[in-house]
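The same subunit A turns up in both complexes below, where it pairs with subunit B and then with subunit C.
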Partner chain A sequence: MAQAAAVAKPPAPPRRRRASHAPRGLPYLLIGPALLLMLGFIAYPVLSVFYYSLQDYNPTKPWRNGYAGLGNFVRVFTEDPQFWDTLVFSAQWVFVEVGLQLLFGLALALIVNQTFVGRGIGRALVFSPWAVSGVLTSAIWVLLYNSQTGVSRYLADLGLGEYGTSWLSDPATVFPAAIVADLWRGVPFFAILLLADLQSVPKDLYEAAEVDGASRLQQFRHITLPHLKDAIILSTLLRAVWEFNNVDLLYTLTGGGPAGETTTLPLYIANTSVDAHDFGYASALTTVAFVILLFCSIAYLRLSKFGGEKK
Partner chain B sequence: MKISNRTSTTGRRRTTAAVALGAVLALTVTACGDDGSGAGGDKGAEGSGTGKIVFWDNNGGVRTDVWKEIIAAFEKEHPDIDVEYVGIAATEYQSKVDTAIQGGGLPDVGGVGAAMLAGFAAQDALEPLDERLAGSPLDGRLNKDMVESLKAAGGGDGTLYSVPTSANNGVLYYRTDLFDKAGLAEPTTWDAFYEAAGKLTRSGRNEFGYTIRGGAGSIAQALDAMYGQSGITSFWDEGREKTTVNDPRNVEALEKYAALYKKATPAADVNNDFTKMVAQWDSGTIGMVNHNLGSYQDHVKALGADKFRGIPQPTGASGKRVQVSNPVDGLGVFKSSKNKEAAWTFVEFALSRAQNSRFNESAGQVPSHTDAAKDEWISRAEPTKLAAQALNDGSTTIVQLPYYLPDWNTISKADNEPNFQKVLLGKMSAKAFLDTMAKQLDAAQAEWNEHKG
Partner chain C sequence: MITKEAAATAAPAAPRAAAPPPPRPAPRRRPWDEVPRWQIYLPLGGYLVFTLIPFYWILLFSLRPAGSTSLVPWPVTFEHFEKVWTERNFAVFFQNSVLVGLATLVMTTLVALAGGYALARFDFRAKQGFLLALLCSQFVPGALLLVPLFEIFAGLRMINSLGSVILAETVFQLPLSMILISNFIKNVPYSLEEAAWVDGCGRLRAFRIVVLPLLRPGLIAVGSFAFVHSWNHFLFALMFLNNQDKQTIPVGLNTLMSADSVDLGALAAGGIVAAVPVVIVFAFIQKWLITGFSAGAVKG
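Here is the complex of A and B:
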């Protein structure tokens, strides 16, 4: 029996030989510079913000600076209606932006994943907005929405709408106008990521499904979507965090206006720190935003079972 | 096979996601980072009087060419001093300096206008200049009102932290060709202004009487229109504890002024900062715009000098002109400079008659050097000439805005610009807007008075 077991036992894999010439500390030495940079540029500023969130700190009023305890946080939750307004608007902005970007990005990825004449040019056109810098994107849309040089002026020339108007200055149209501008920049992000994942779907799955009589919609639902699940979860999560923190486009397009209609929480934080110099309170707002994002991100990953087994 | 591969990489994916997410979230927090290391309190040193100094221009881009000319002339006269010019956009200047005060990296010398002076002085970032000015050939040669204005803006202890280069002034620019065509009188009174705004508006033909500033910087322009119409001559009551901004006469004036929005102005004005407002006026279909002397050259380039005039603000019902103060601009030496002697040499040179004249001719502003103010170019730059006359001939009363309050920028920008947009959009009454601002101003003044003892 013992002999039989010994025979049945597979041979042990050959042991890997350690690189005998490499000094023991070499890996630490190699990651050292990256670690130092992360400590300097991420850990220190993060801890600094946590520290200032417990302080009254306004450099233009040094006589008031000092330890504030949880005072800034109490102010955030009980005395500052603007915090709640901007938080609600931020959530609205993230949901609409990420949802539409995913929808259009997926549609474009599916289209440019097909074989057709001019596919290379089509792909380049789809991805090109992602290569445009945020500043240029903002400048393009500022011009497009300008009342004298933009689309509304030419529509007015055609008798559609009034002169001197801009969709960015009307509370009823500013939100969709800003959404469209940011969609132009954000859709390619999803298209690129999803196209990359689409190209790894085995063709034989579709062939087998076709033999079984599955329609295109059924193939999309039962093969494509499950395959894209992890890519969708990760990309929507990253994009949601980026969109939540979006300051440049809205600041340039609307400055948060008109009348605070497009002020997101990060824009409010930027105004509180840069314009009002209230760095202690701005740090508390930032800490709260961080905790909210962290909580939402973990909940999203758990609920969506990111990285879990496919059925 | 594919599925099994995906299953085996689950842990790695989770780790990758966690790392990516952690980094992104961490950047959320670092966006508000501030090290508070306090470079503003650095005492600096006199230095050798030679070598390199760094100069920060507080209106980079707009004034870059003229500053480069002045620096070239300076380096020719002082070959042992090398000036490094750094142009910073006016809108970014305060945050750049504040960041440098906290984190280090301040220049030796830089633009320090009245609007920012209190904040920089409170952070102990500026070198007192009274003694240097007293021992300089500039002593007695600079406009006394401008010097006093900067002393008052510096924090209330009468110390001079910035030496004036120029004064600005509110200007009503109007299109002479459009006025002539419509047979309208010059808008020298507020009544004439409102009449012209209405009569020049034909919105169906893309013609408007006026363009209002609804975006960044709107508060100072609204205050100018309010005090100009109401004729109230002081920002504070006699006890200097309560502001006059919400005086019923100011409320009435603001209601009338804000009612111009969309009736005589483009609807897009609600978001306009000065760049957009000036560009819109220069596009050629609007009768009037309020701005300061700084945009004169832009209008000349866009329209030609013969199609418009720039006159002082209209006079009120009493026949007197009341305007709010425009910040005096100046140059300051930063306390942390290791070469203050050379920095001061540069300030003296830039404020000499020839260079001060050169700078202000380019900027279209009123020179601080009393001899430069008599130079021939001023008679050719009509808005500057009229502004200088208005400021000096006793016809105008200036309402001094409280630049000395550390909260002034907050109150006049972050706190109330969105509310002014609400007034324009009809979502807030002029009274509620001014009452809110008055409450904030009174609280800021009380805190300031308490701090100063």
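Here is the complex of A and C:
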């Protein structure tokens, strides 16, 4: 940094020098590698999913492969109750997870943005689950939830609940149990992002508000929240997409069970393609999921007036 | 967003320095400092209990003998670690995961740095379209592309080679990494680079000695994201690597979990092995991720 400051001392030259230093092909050369990788490993697979969605394609039943028209899509919407079940569960999962993560994440960010003794270590500890993977999260919560030596056993020792309770295999408790496990590693994501944004709120604003006699709640409502608005919209959207698509945690924690109780749409798709080898139908499901996701995202950005209040 | 301030302080604008700065008012007690202490420590303490119990739990299970129900890991045993490391092949998984993580880190950072620089510094015809494609790619679920990706890698004869996982991880890390890096570069004033050109530097050299040092926080953030993500990611490794000797730690953990009767001690020890590198990375980037980002630190 000091080095850069030293370089900065000579007065800036006129802007038009820029052109002479930018050979025309350079930007394309620079984005070339990224573009190639994304074309080959994102664009092409996406297109092939669209293509397969119109085909009957099952490597284990080659005699039935061929053009299917919209047959797969008709099957998705009219003959497949599991599609609707898993879609509804996905919506529940995303809504509850993102809502709670935002709530706790914002509260945590506000708290660790204060000045207090032990702030550094407090932040480090609070944020630490952020780096933990879905599979490791599952492993940890499998240990916590197991019926023999998990938390329920010690609660039973204290007279709370019964011995041998397994929250993950009871349809009544599996949803909250999985939600809590995912919250554990999801909240720090929001806390970190929102904390970074909180720190860019100009301090003078609070000082001015203080002079004007605004209460802390008013300051939060009229200074902090408006400032965080775009960050909140963007982070909730990204997180919602991520929570929808991510299958690591549920795949390893519950496997979609018990009795399909916690199967999200992507998990169902993965099972359809990987276990049942029904690639054509899985591709149709993927296409539908993709369209739903895109549509919801656009609607969300429109309704929330993202970026609307910027100058 | 953060480096804007960092860059601003790092490079004092020459014209502004000419006028004498107005005298700063004596530091006042800010409203921010006046929150009652219990309103901080009580909720924070409560949340910390929720955060730390799971960590303690896995440590406890990994260190106490099988069958014990003691709530303190005493006497300590390392049998679970020995078992996981040798019998359950975690030594190999660990090696593979490190390889995948480091390779993904290097590839993602380099490719994203090049692309990010183009996005930050040039206006070119395809730029808007490219940015849109980057954004759209965020909605493409990697998990739903497993089948076509599998076919591509099969065509490239890369199934069962770590290269497939490295490529796939890199590709799905790229869009966000590139946007992040381009934002970081935008926050470095272009005039710094121009000044270096005037002093006779070529574009590449100016980038290396002027921009790159200022990008350190950004590069560390992007690189460690790439490492942590690929270290943690599970599905690609599960799908593309069938051979026991090629698998990564998350797949190993899943194998432990999906056994008919789960060996909890081994699972806990495996979890600790999975967590250690990530914890080290986290401790390392913390400074940049959190403290380095704080306005106080930037204001100095």
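Keep this in mind: the second predicted complex is superposed on the first by the 287 of 311 C-alpha atoms of A that agree within 3 Å, B and C clash if a C-alpha of one lies under 4 Å from a C-alpha of the other, contacts with A are read in each partner's own complex, and residues count from 1 in each chain.
Criterion: a residue touches a chain if its C-beta (ideal position, glycine included) is under 8 Å from a C-beta of that chain, and two chains touch if they have at least 3 such contacts.
Because the structure is predicted, anything quoted here is derived from the model rather than measured.
With subunit A as the common reference, subunit B cannot sit beside subunit C without a clash.
Contact with neither subunit B nor subunit C is seen for A:E243 once the two complexes are overlaid on the shared chain. Set side by side, subunit B and subunit C differ in how many residues of subunit A they touch, and the one touching more is C.
Once the two complexes are overlaid on the shared chain, A:I269 sits against subunit B and subunit C alike. Looking at the shared chain after the overlay, A:L195 reaches subunit C, while subunit B stays out of its contact range. Contacts of A:E97 after superposition on the shared chain: neither subunit B nor subunit C is touched. Legend: residue contacts after superposition of the two complexes on their common chain; A:V46 is shown touching both subunit B and subunit C. In the overlay built on the shared chain, the residue A:L294 is in contact with subunit B and with subunit C.
Looking at the shared chain after the overlay, A:P62 reaches subunit B, while subunit C stays out of its contact range.
In the superposition on chain A, A:F279 makes contact with both subunit B and subunit C. With the contact threshold set out at the top, residues 41-42, 44-46, 48-49, 52, 146, 149, 153, 238, 241, 244-245, 255, 266, 269, 273-274, 279, 282-283, 286, 289-290, 293-294, 297 of subunit A are in contact with subunit B in one structure and with subunit C in the other. Per the touch definition, subunit A reaches subunit B in the complex via residues 41-42, 44-46, 48-50, 52, 57-63, 146-149, 153, 156, 162-166, 168-171, 202, 230, 234, 237-238, 241-242, 244-245, 254-260, 263, 266, 269, 271-279, 282-283, 285-287, 289-290, 293-294, 297, 301, 306-310.
Against subunit C, the residues of subunit A that register as touching in their complex are 1, 3-5, 7-13, 15, 17-18, 21-22, 26-28, 30-31, 33-35, 37-38, 40-46, 48-49, 52, 104, 107-108, 111-116, 120, 122-136, 138-144, 146, 149, 151, 153-154, 184, 192, 195-197, 199-200, 203, 206-207, 209-210, 216, 219, 238, 241, 244-248, 251-252, 255, 266, 269-270, 273-274, 279, 282-283, 286, 289-290, 293-294, 297. Per the touch definition, subunit B reaches subunit A in the complex via residues 2-3, 6-7, 10-11, 13-14, 17, 20-21, 23-36, 40, 95, 98, 101-102, 118-119, 122-124, 203-206, 208, 214-216, 265-271, 273, 276, 279-280, 283, 285, 406-407, 409-410, 413-415, 417-419, 421-422, 424-425, 427, 447, 451.
Residues 1-2, 4-6, 10-12, 14, 28, 30-33, 35, 37, 40-41, 43-44, 47-48, 50-55, 57-58, 61, 69, 71, 111-112, 114-115, 117-119, 121-122, 124, 126-127, 130, 133, 136-149, 151-152, 167-168, 170-172, 174-175, 178, 189-192, 194-199, 203, 209-210, 213-214, 228, 231-235, 239, 250, 253-254, 256-258, 262, 264, 267-268, 270-271, 274-275, 278-279, 281-283, 286, 289-291, 293-295 of subunit C are the ones touching subunit A in the complex.
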